[in-house]
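Dumping the structure here so I can ask a few things about it.
Letters A, B and C mark the chains in the order given here, with residues in each chain numbered from 1 onward.
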Amino acid sequence: ASGAAYSEEASTDPDHPPVAAGSLALVAPALEKYRKETLGGDLWQRGALSPRDRSVVTFAVMIARNQTAELGQQVAFALDNGVKPAEISETITPLAFYSGWGNAMAAVNETRHIFEARAIGTDQLPAASPTLLPIDQKAEDARAASVQNNIGPVSQSLVDFTGDVLFKDLWLRPDLAPRDRSLVTVSALMASGYVGQIPFHLNRAMDNGLTREEASEVLSQVAFYAGWAAAMTAVPVVKDVFEGRQK
Amino acid sequence: ASGAAYSEEASTDPDHPPVAAGSLALVAPALEKYRKETLGGDLWQRGALSPRDRSVVTFAVMIARNQTAELGQQVAFALDNGVKPAEISETITPLAFYSGWGNAMAAVNETRHIFEARAIGTDQLPAASPTLLPIDQKAEDARAASVQNNIGPVSQSLVDFTGDVLFKDLWLRPDLAPRDRSLVTVSALMASGYVGQIPFHLNRAMDNGLTREEASEVLSQVAFYAGWAAAMTAVPVVKDVFEGRQK
Amino acid sequence: ASGAAYSEEASTDPDHPPVAAGSLALVAPALEKYRKETLGGDLWQRGALSPRDRSVVTFAVMIARNQTAELGQQVAFALDNGVKPAEISETITPLAFYSGWGNAMAAVNETRHIFEARAIGTDQLPAASPTLLPIDQKAEDARAASVQNNIGPVSQSLVDFTGDVLFKDLWLRPDLAPRDRSLVTVSALMASGYVGQIPFHLNRAMDNGLTREEASEVLSQVAFYAGWAAAMTAVPVVKDVFEGRQK
């Protein structure tokens, strides 16, 4: 995927998600139909989740699964849908830790082309070391104790990095709302099949404002972009979270 | 991976699977040996699964795992092995849903180069909206009831998309035989580690004509192209399916 | 990723891991900070695992997850950290089988650029068919019996390939120490979420000299390069292995 193609192909029509220009008709005409009718005409139009949130979920899924073929176009589409450049940046940053450094590097490369094509400068990006959000010390103490108990006997360095780098720093960065940061993480976990890590982060997303209706719809967005098996595998875990919150 | 290289490197020798021309000897001579002797001289020659079916499995695995490095060459090799262009197209199409949209887009890009190099025109591709195969209403009712019961309380939209887009449309497309469509799905699930979804689709493949001997051999083909861990992880689930069908 | 970029960007500074030159500051300044301070200034400096071993783990993770964006640069960094060209080659070779042929082909393509830029010729590579290490026949008999018992009823060809290609050939290749070969496999399994396959290979790695302290630190290295979820998912399995060895 070269940078030049992105600016030609980048969507400026918020009603239609991106497409590899011209290729679908030459290889899989059915996918052209599904793109227009099912994705553009149905999924992205559904009110249960805003186009802006759908872009956040889709971008996170593509980073998590290293799907670079359409990643740049999804960045352009996300900007069209109202995701701010700083939020794009702050979506890539946590996924360097949750999906792996190499996944984030691929996303950086693709995003750079779009930022350049749209003349998005570093003045629109978050500072490397901003003033952090205040920590919820009680919740952090509970989390730290749980991780120390479960992970400490196996890898103290993993415990320390989890606290120092993630929860006392990364999670407190201010340029992505806590609800969105958790939504990014949940989407990436669903996309990668790591269901055991979903409850903590989905509860956190819902504690920070993600509604049950939105969480339900995230599953459909993940189904289309990470594959049906990823969504289906996540369903029982999401069900447990929903039930746990009703008690 | 650029398009030019594919036409130079595309195999026209059905006895030998593709290779990144020249690179193996310069980096990993052992892999050159394994390619010739183990893949070309053994795996692809085994009678338990036809070269045509091996190509279908391998192509599905590479889409599911986003392995683009050799994907174009495997398209060329599949054509050499008798997979029709329409079947290539109809292998990518369902995996847009089972492995995620971005995986299919990468496959579309790579396949386009091969179709162009071989002058395969849109007249050889399936229609976007063909006359669908008749639905087995009884089986569909049972499937729909099960999904409604299990998924409905979590995401009604996922239930609806599963019925409307997948089982009442995608699965009824006529240009890939039902046995092959299930084989594609099973291969992709095995390649991605989604073992919980295998029983439904493997039973469906065997109901539609995939023999037990062929299913056993699919595991070996998956082992080589998705990795041993993927195949080994699928073994207990395949065993359960085999035993369930003997009762 | 083009070859030209790698030689420009390849790290020659063992204190700092590679970076996509210039891109981080233009997209995610926070990742530039984390790269310098957390990766370069902390993780790679920790004495619990040598830089050479960290490079082996990181390279294996990137192959297993098909993270090509920084793969070439990690090859250059691995060479800087003392990993021999023959060991690079022998890391790719087993992962053709453990992570899938297509993953290895991507690694071959990226590695070729670095080998060419550094004038590493085929005289520095392992022979395709070297004199193999002696086999531990008792351990091999136990392994073969277990696999025959578990896998034989499902796929005899998978049993046969596992013995003939992997354990009587691949695992006996002499140009990567048995401890390192197992470390490569463990890293790839952790990176891919195949936790069921970890105990056999982690025990093998520790039987061949990997210390518990090193294994603990592998989890942190995997966390950063394969993502936190991969490491967290592996923790309970590693814990069981550690406890099993204390008895």
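The rule we apply is simple: a contact is a pair of C-beta atoms (placed from the backbone, for glycine too) under 8 Å apart; a residue touches a chain by one contact, two chains touch by 3 or more.
Just so we're clear, the structure is a prediction, and the values are computed from it rather than from any experiment.
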Category of the chain touch graph - line, ring, star, complete, other: complete
Interface numbering overlap (same over half, different under half) for chain A and chain C: different
Angle, in degrees to the nearest 5, of the Cα rotation that carries chain A onto chain B: 120
Rounded Å distance, chain A centre to chain C centre (Cα mean): 27
Shared-contact residues (touching 2 or more other chains) in chain B: 66, 193
Residues of chain C touching chain B in the complex: 66, 88-90, 92-93, 95-106, 108-109, 111-112, 115-116, 122, 125-129, 150-151, 153-158, 161-162, 165-166, 173, 188-189, 192-194, 196-197
Residues of chain A defined as touching chain B within the complex: 1, 19-20, 23-34, 38-39, 43, 46, 48, 61-62, 65-71, 191, 193, 216-217, 219-220, 223-233, 235, 238-239, 242
